[in-house]
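You will see chain A twice below: alongside chain B first, and alongside chain C after that.
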Partner chain A sequence: MFFRVIDKERLPDLIAGLSSEYEVVGPVEKDGRFVFAPISDPAQVRLDYDTTLLPPKKWFLPPKETIMRFCRADEEVVDDEVFAPPRVLFGLHPCDINALLLMDNVFLEGYVDPYYKARRENTLIVGMSCMPTETCFCNVWNTDEVHWGFDIFLTDLGDRYYASLRTVKGAEILDRHVANRAVSDEDTREFQRVVHRFKQGFNNNVDTTQLPVLLDAKFDSPIWDEIGDACLSCGACSMVCPTCYCFDVADRLEPDQKTGLRIRTWDSCQFKEFAAVAHGQNFREDRASRVKYRYYHKQWGYLSKFERVLCVGCGRCARACPAGISPVKVIEALQTGEVQ
Partner chain B sequence: MSAAHTQERQMSSDGNPYRPWPARITSILDLTEKEKLFELRIIDPEIREAFQFHAGQFVEVSIFGVGEAPISISSAPSKQGFIELCVRNAGDVTGALHKKRCGDVVGLRGPLGRGFPFEAMKGNDVLLVAGGLGIAPLKSLINHIHDERHEFGKVTIMYGARNPSEVLFRYQFDMWRHRDDFNLMLTVDESDDAWDGEVGLVTKLFEKIDVDPDNTYGAVCGPPVMYEFVIAEMRKKNMDVDKIYMSFERRMKCGIGKCGHCGVGHQYACIDGPVFSYWEAMNLQGAI
Partner chain C sequence: MAPRVVIVGLASDFGCQVQMTNIEDDLLDVLGLIDLQYWQLASSGHMPEEYDIAIVEGAVTTQEHVELLKRLRKTAAVVMTIGSCADTGGILALANCVDPDVAYAAVYGKGPEVARGRRAPGPVDAVIHVDYRVPGCPIDTDEFINVLSRALQGLADRTPVDPLCAICKTKENVCFLDRGEVCLGLVTRTGCGAKCPTLNRPCTGCRGLAPDANLEAARAAFVSKGLDPTELERRFDLYNAAREVTR
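What follows is the complex of A and B.
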């Protein structure tokens, strides 16, 4: 990887420059919280954001998306073109970049999802360093670091940024739009100090020892009933999760009743009908089995296929859950046998 | 895992695995009050020719404006150019399909999923156990075995239905009853005056057979409640856990391992199954 340094006060030049070529999406404030939204003025960008309400996944897997237009008479697809404008996602934290790499395994391996792929290919990623918040536990999964999956990654050294350049495009863009200089030994030493401070900042150190074994061995444990009793099946955890990708597909007819749209929307394994089949059988009817399934899939099912857990420790689900369920609490309950 | 028991990945012509191919209904047979047998031919000749499948695989049937439903293929892979689908009128898509007429067009995606390990089964006896609509995917395997009968040892078919009017594929099984190369046993829970077969649960038929456990593959498909009892009988006959195969019905929506609906244990029924060995199924939490 190559590295350059840019002055902090020059950063708006980069954002403005990118805006001339791409739609730039970055963290902006909304009602006291933060969201990723298209930006028109570099001053809107809040690089001091803690975490966003929704993860960046919606720019690759929109909450609602038309995957094809059809004509009923001859069962023909009339259009399945993907709309994927050139875009930059600016200011992504390491957890969210790692989450996209996990999504890539699902959508780009085996059968390739053309909609996700087109957006992924047309989107540049500019990452940004962060400091741990109270709900962060990316340190647990080693997703507090990111070494690929971005074009540029900026580490905040106070008055300047240490820019890691992963791709040719990233290097070109940096050079074209913002004044930059070579990295000095002192810059790298300061980079190490900053990263060290960051690593000291975590207050969640949950024990994940032998988690797949525990999930199998404690499949019938009463802790799941306890957690299931608390769960409201609202699905908020899935919606705010940067790695939850499940979706539903439904057809909608146009008023002419001759043509229509096949639409996919975000779905959640926490919803009651999620695993129901046609003649009434529901394989996960009760809440306990659905909560358990979510953890089981993330911490074991995905792991068995891709050698990583399907969680990046962003803490959004812990913040969003009205019942106070969080991965840290669930894993601790598995380790200790008691729900705290 | 044997080479034959691997999943197939077939893309549609334009690389979009969500896009169905138009297929024409070329025959419709009423099997029972609720089930019809549809014969379908993909309209594009190149894609029709490229459509190669294994017994136990399924397709997504698409009816635009209604949606898609996963249906297992009932015809044998040895028969080319068309597929047969045995469809129960049970939901929106299957209901709409039941209203279609011969010559109408529907959409198809597939073949999808992992089927039975046909090649590994060769040289062995085979014991097939079906309950109700579970005969639909097994019919593909039965007919494939039939077409390569010399490759197999003893073939036993046990099929249980609720009552005589719900027995599927009667036209074939009636003809097969007196064949000596298939030991075909039909049973119904409730008989009527015309029924001269067995009465009782399919598990009762195990009393009537001898199994060579070192040399027998099992294939099971039926309603979820059936598996536990049938497998218990197979285990009593000392059949190996990794030679018993079963097909699971789950809510395969996308069929290609993306949408998440058919998750079973740590696997997806659509790409890791729907056919699993009993050993695999035992390792899938919540599967049986």
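What follows is the complex of A and C.
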């Protein structure tokens, strides 16, 4: 990795330059919140955004996607092309970049998902530093730092950006589209000051020491029933989660019943039918067991396989849950024996 | 041989039958799949004696409707309901919230005399078993085609059982509850694609109570958002006042 500095006022040059080669997706305002959407004008980009309604995963794993078309009569696939245009995701925070790395473990290792892979390969990532909000707890999982998984990462130093260049491609596009200069010792000192300020800004310092032990010890705790009673089983948490990757695949026929579509949609372990199988058996019939397994999967199951927890502390679930259930509250409830 | 279909309306504004004509581009394809023997909206003739699929719109509000439904069930191999009225009793079931004599007197003057055989408005499945359902006010044409297709293939009914919030999140709508507005999506059956919230209108519950809804938790959520929890059920009555009838 090496580093360059760009003046803040020159940043639109980079966005405009990228737009000439790629579809640029960045944070834009929507009804007082923010979404990642295609940019037509650099002025739309809101780099002061706190978080977005949906995480960037939608650009790799869309909420609903036709993965192939087939002909019913001869049972032939007629179209399974992957739509993966050259794209730049601009302004991702460290949590969201870390989340994509966790998704990669699932979609690029072992069984490779061609749809996810094609989009991942055709997408450049430009990261952006941030400041903690009320609901952020990336500090808890050390996902407040990101060292790979991006092409360029911009740290806001007030009047300039400290640009970390992780890939050759990132270095090339920066150089091509925006005036930049070498990093001075003072720039690096300021970079560290900014990062320290960032790290001191977190409210949530939940103790995750030996979390797998806590989870196993509390497997039969009535806490889960209490949380289950509060849960709406609406799946909002899974939808807004940058690391929830479960999907459902179903076939349907076109109105003429001659051509079929195979459609993949986001699914949620909080849905009642998620763990239902043939003969009417349902492994997660009640809400409490569904909430519990969401946490067991994220904080223990995935950890045992990939040595990381499947959470980056972005806080989207805490904001989206109508019942106010959040990882921080759940972990604290397990520790104290009381749901706050 | 294409299955013989009858489309029958009980008490409703025929909106869902009209909505079927809005299939437009695909209407001819859909009609090509079936042998449409009777369509109440479009026919002045009589219903045939034999048919395979009965599509029913409207709420059950009279004894006559009950007899008709029993006949349909006896004759048809498949009964499919379309629209809120047939699915939950719909708006008509609001009549259950007032004294029927007073209501009839207000509307018809003479009351009981014109209301022979009247019945507390309710859904079709309060009278007969329903195989497939397309909820909503009005129905979504795409869902209708899909459910009809499943019925024609003999596939199981897959009416969703979960609330609406998940799909609403995928549309990146800012939550109405967070804006201090009553929205019924957190207990309403999904499957509509969250059309209303996406058009900036809160969910009114037209698709009925999601079988897996957690009403108690929804009331608590209303309280935590500073909303009156009694509003949840009061507003939900708009399309679901007959819910005790089915339960």
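What we mean here is this: the second predicted complex is superposed on the first by the 340 of 340 C-alpha atoms of A that agree within 3 Å, B and C clash if a C-alpha of one lies under 4 Å from a C-alpha of the other, contacts with A are read in each partner's own complex, and residues count from 1 in each chain.
Just so it is clear, a contact is a pair of C-beta atoms (placed from the backbone, for glycine too) under 8 Å apart; a residue touches a chain by one contact, two chains touch by 3 or more.
Quick caveat: nothing in here was measured; it's all calculated off a predicted structure.
Asker: Touch test for A:Ala320: chain B only (first), chain C only (second), both, or neither?
Answerer: In the superposed model, A:Ala320 contacts chain C only, not chain B.
Asker: Figure out whether A:Leu253 sits in contact with chain B (first) or chain C (second), or with both, or with neither.
Answerer: The answer is both, since A:Leu253 touches chain B and chain C.
Asker: Thinking of the overlay built on chain A, is A:Ile125 touched by chain B (first), by chain C (second), by both, or by neither?
Answerer: Touch partners of A:Ile125: none, neither chain B nor chain C.
Asker: On the A-aligned overlay, A:Cys71 touches which partner chain: chain B = first, chain C = second, or both, or neither?
Answerer: Once the two structures are laid over each other on A, A:Cys71 reaches chain B alone.
Asker: Return the chain, chain B or chain C, that is in touch with more residues of chain A.
Answerer: B
Asker: I'd like to know which partner A:Leu89 touches here: chain B for first, chain C for second, both or neither.
Answerer: Neither chain B nor chain C is touched by A:Leu89.
Asker: Looking at A:Ser289, would you say it contacts chain B, chain C, both, or neither? Reply first, second, both or neither.
Answerer: The first partner, chain B, only.
Asker: Which chain A residues contact chain B in one complex and chain C in the other?
Answerer: The overlap between the chain B and chain C interfaces on chain A comprises residues 253.
Asker: Using the touch definition from the top, list the residues of chain A that touch chain B in their complex.
Answerer: Residue list for chain A touching chain B: 67-68, 70-72, 74-77, 80, 106-107, 110-114, 215-216, 219, 245-251, 253, 260, 262, 264, 267, 269, 274-279, 281, 283-284, 289, 293, 296-297, 300-301, 303-304.
Asker: Which residues of chain C touch chain A in their complex?
Answerer: For this pair, the touching residues of chain C are 23, 26, 29-30, 32-33, 145-146, 149, 152-153, 161-166, 168-170, 172-175, 177, 186-187, 211-214, 216-218, 220-221, 224-225.
Asker: State the interface residues of chain A toward chain C in the complex, per the touch definition above.
Answerer: 30-33, 35, 53-54, 58, 63-64, 229-236, 238-240, 252-257, 266, 268, 271-273, 287, 320, 322-324
Asker: Within the complex, which stretch of chain B touches chain A?
Answerer: Residues in contact with chain A: 9, 11, 14-20, 22, 62-69, 88, 90-91, 94, 105-107, 224, 249-251, 253-254, 256-267, 271, 285-286.
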